[in-house]
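The following pair of complexes shares a single chain, chain A, combined with chain B in the former and chain C in the latter.
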Partner chain A sequence: MKKQWLSITLGIVTATGGFLDAGTIATAGEAGAKFGLGLIWAVIVATIAVIMLVEMVGRFSAVSKKTYAEAIRENLGFRFYLFPLISELIAESLMLAAELGGISISISLLTGIPWHTLFPFVAIGIWILAWRAPFSLIENGPALLGLATLAFIAGIIALGGVPTHLFPTLWHPDFQQGTGADYLYLVAAILGSTISPYLLHFYSSGAREESWSTSSLILNRVTAIMGMGFGSMGAIALVVLSAIVLQPLQIGSSTLGELGLVLAKPFGVIGTYLFAIALFATCLGAALEVLLAVSYNIAQGFGWEWGEDKKPAEAARFNLVITIFLLIAVVIGLIGIDPLKLALFASTVIALFLPISLAPFLILMNDKQYLGEHTNGRFTNIVMVCILIMALLVAIVSLPLEIITGGG
Partner chain B sequence: MKNPGQADSMEKLDEETFSIRDILDSQLLTSDGRRIGRVADIEAEVDKHGTFRLTSLVMGPQALAGRVNSSLATLLGFLLRDRFENQIPISEVKKFGPTLELRGKAEEYSVGQSDRWIAQHILRWIPGSGI
Partner chain C sequence: MWKQNKFWQQAGTWLGLLMLLAAVTACNFTQSAFAQTANNAGSAFAAAETTLAYEHAGKITPAYASSSFLSYQSELSGTDQSLISQATGDKRTLHRLLALYMPAMQVVNAPCLSNSCNWQKQLTQLKNASAAFNEAGS
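Now for the complex of A and B:
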């Protein structure tokens, strides 16, 4: 039992990597800089959704002993399995490129070397970790570094708390002319960056690698709430900090590196380093999670050997997928789009695809054959469907507008 | 299983009603505990009594394409010419269920050799592959 409670770290790393990643840092930073506290509601809605989803997928794998991808293929068939698979391949390859860019920028902030130069080396480093590192290292390493995100909260305190003039922006954001589309785009990006389908594959595979059972259900609930709550707190703190520091500067469109100002103002040079470490930890965790999640998804869906603790030769097809998918992301990254813009775009694309990638999951969560008495309640189903439809609508409206206006 | 004779499982097949849905997409697990793939399609024949009888499990890109769209299957058939299609006779199945347990080891089936082929021809050039 003690060991089970220790696996709460699975939740925290899933949160650091899955909740806080290049997508969240980009969206939260942009949201605060452009609209003050006016988008915190979207972070809260997304948090509720992701807590519910993580709880569900943990419950599913603990009770049915199946991962999410296995169950889609077995229960809904190959054709139905392809829809979420293709949508995830498109969205997650963009996101992986953004995470690699985020890691490069964080190292660039620490060393002064341009991030474009660092990018290929970062990709090789990630590949080595995914190729040979055991699951426990991937799980625990970034979780510890992820504590650096607490610096966002410390930053708010060091700057004397939230100024009272910001409070009205909570419900009455500061719209300037022509920023309506930006606002919707950020709502979609916040939902997409938080409610990421790769989380579900990573989490359900992790639950299987750690052999969860029905007795893990309470642990699962605690992990979902604590882990995602921790991630959400970091994201909200960054929105607030960005509203305090960046909004008055009126930077129209920023880069991931410029977001470092939010900690440079309260803590000086040390703040820049703290920001770099937080960015490094969250993007590293997320890059590994996205890469593994996509490879888990494919290997499980096609019934191949998989597992991080096996040698590459023992799960050859799984490891080949890891390598190819990483190469695709590297090619996307080498186009040279700023990782912040890429992360915003990838998050909105994920939001657009959310109903496709999560509809099969909701069907399975109501299947007594898999879950017996542990199926979803009606309230949970209604809340999830509403949030997915909202993400889809906001993404449909804002994505074309952003592409026309050139983004950012 | 002490006497997993071939006739046993065939009789069992006759007695229990299996729907095609139970077998399609099922995980294939070999006797040495390796996951080698999933059932993409099945082959059946009509016996002298006029009943359908499952003969083999089919794996491969063409069979999978057939599940999605028939013209896609024709296109892949033209390009690949059955090169990657594999069949396993139904008599090789020791135990039915969500996971189909096979009598032989991974090496005894052509689809079970894919991991080894990739390891020996591609991964061996990469350091740290454990070969």
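Now for the complex of A and C:
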């Protein structure tokens, strides 16, 4: 029992790596710098949605002893399974490249070495970790470093709290002429970066790696709420800090380095170290999660042997996917697009495909063959339909907004 | 099978129309390309100015500053060409921005991160560029 409760760290790492990643940091920073507190509502809506989805996917895996990918293929057929798989491969290869870039930039901010130079070495490091590290190390390492994101909350306190003049921007954001499309674009990007399908596959597979059962359902609920809540607090704090520090200086937060200035103002050099560590931890956690989630997804969908704790020879094809997918992300990253821009673009692409990834939930979570008495109740189904409608609306506007705004 | 194909065709058509509607609506809420470019450049020059000021105030390390300036370089390079191609009408604004762009860009390419050079002058150049570009973008 004690061991089970200790596995709450699964939620924390899923939050720091899955909720807070290059995409969330990029969107939160830009949201605060451009619209004050006017987009916090979008972070809260996305948090509620992701808490519900994570709770559902954890419940599903704990009760049915199957992962989300396995169930999609089994219940809806292999041809249907390919739809979300292809869409996720496109979106997540971009996101993985952005996460690798985020790690490179965090090291670059500490050392002054150009991030392009660091990028290939970071990719090799991630490959070694994903190839050889046991699940517990991947779970606990970034989780501990991820505590540096608490510096965003400490930064607000050190700056004397939220200035009263910012509160009206909560319900009446500062719109300059012609920035309406930017606002809508950021709403889509915030939802896309928060409700990431890789997060659900990683969580679902993690529940199986840790052999969750029906006795883990309370733990699952606590993990979903606490883990996602922790990630959400960090994102909201970053929106607030950007609004306090960057907005008055008319800095739009278009590179990750300038985003670190929000902690340099209250804490000086130590603040920049904290920012670099927070960026490193969240991007490291997310890079490992994306990489493993894609490999889990493919191995489970195709019925191959899988598992991070298995030796590479025991799950050869699972480990081969890790290598190939990482190589694809490296090629994308070597083009040299700024990681923050790539993260924003990846978030929009995720938003575009979100309905395809989430639609199977409604069917699977009401299937008594899998869940017995633990199927969704009426309230959860209503929320799920609302999430799907929201995802569809976001998908419709995301692509036109990406083109019109030029990526924010 | 035929019915299923027809359903997907209709769904695709509706989705395409809705995306087009979203695009047309969003066009009414967006800045011109020239204003967008000027705004982004103004924001990047403001970030460069703050980075330089923070570095000399000891709030960030030289390593942090030089890494940040590399990002500002890639963010700002080619802005002059974009402004020239996007300018429609007001040539005075364009010439004023281009005149401020060149010296500010020299600072971004070679920021003075020690006390051995005139960093205050660089700060002024970045401030002037940032103010002018932000004004043109608003």
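By our rule, the second predicted complex is superposed on the first by the 398 of 408 C-alpha atoms of A that agree within 3 Å, B and C clash if a C-alpha of one lies under 4 Å from a C-alpha of the other, contacts with A are read in each partner's own complex, and residues count from 1 in each chain.
The working rule: a residue touches a chain if its C-beta (ideal position, glycine included) is under 8 Å from a C-beta of that chain, and two chains touch if they have at least 3 such contacts.
Remember, predicted model here, so these are calculated numbers, not experimental data.
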{"item": "Chain C versus chain B on the shared chain A, clash or fit after superposition", "value": "fit"}
{"item": "Chain B, chain C and vertex chain A (Cα centres) - angle in steps of 10°", "value": "130"}
{"item": "Touched partner set for A:T255, first chain B, second chain C, both or neither", "value": "second"}
{"item": "Which superposed partner A:E308 touches (first chain B, second chain C, both, neither)", "value": "neither"}
{"item": "Per-residue touch tally on chain A - higher for chain B or for chain C", "value": "C"}
{"item": "Partner chain(s) touched by A:E99 [first = chain B, second = chain C, both, neither]", "value": "neither"}
{"item": "Partner chain(s) touched by A:E209 [first = chain B, second = chain C, both, neither]", "value": "neither"}
{"item": "Which of chain B and chain C A:E402 touches, first, second, both or neither", "value": "neither"}
{"item": "Shortest span in Å between Cα atoms of chain B and of chain C, once chain A is used as the common reference", "value": "11"}
{"item": "Set of chain A residues, in rising order, touched by both chain B and chain C", "value": "none"}
{"item": "Complex interface listing, chain A residues touching chain B", "value": "70, 73-74, 77-79, 82, 128, 131-132, 301-306, 311-317, 319-320, 323"}
{"item": "In the complex, chain A residues that touch chain C", "value": "105, 108-115, 176-184, 249-252, 254-258, 260-261, 264-265, 268-269, 271-272, 276, 336, 338, 396-397, 399-401, 403-406"}
{"item": "List of chain B residues in touch with chain A within their complex", "value": "24-28, 34-38, 40, 64, 67-68, 98, 114-116, 118-119, 122-123, 126, 128-131"}
{"item": "Chain A-touching residues of chain C, taken from the complex the two chains share", "value": "15, 18-20, 22-23, 26-32, 35-36, 39-40, 42-44, 46-47, 50-51, 54, 58-64, 66-68, 70-72, 74-75, 130, 134, 138"}
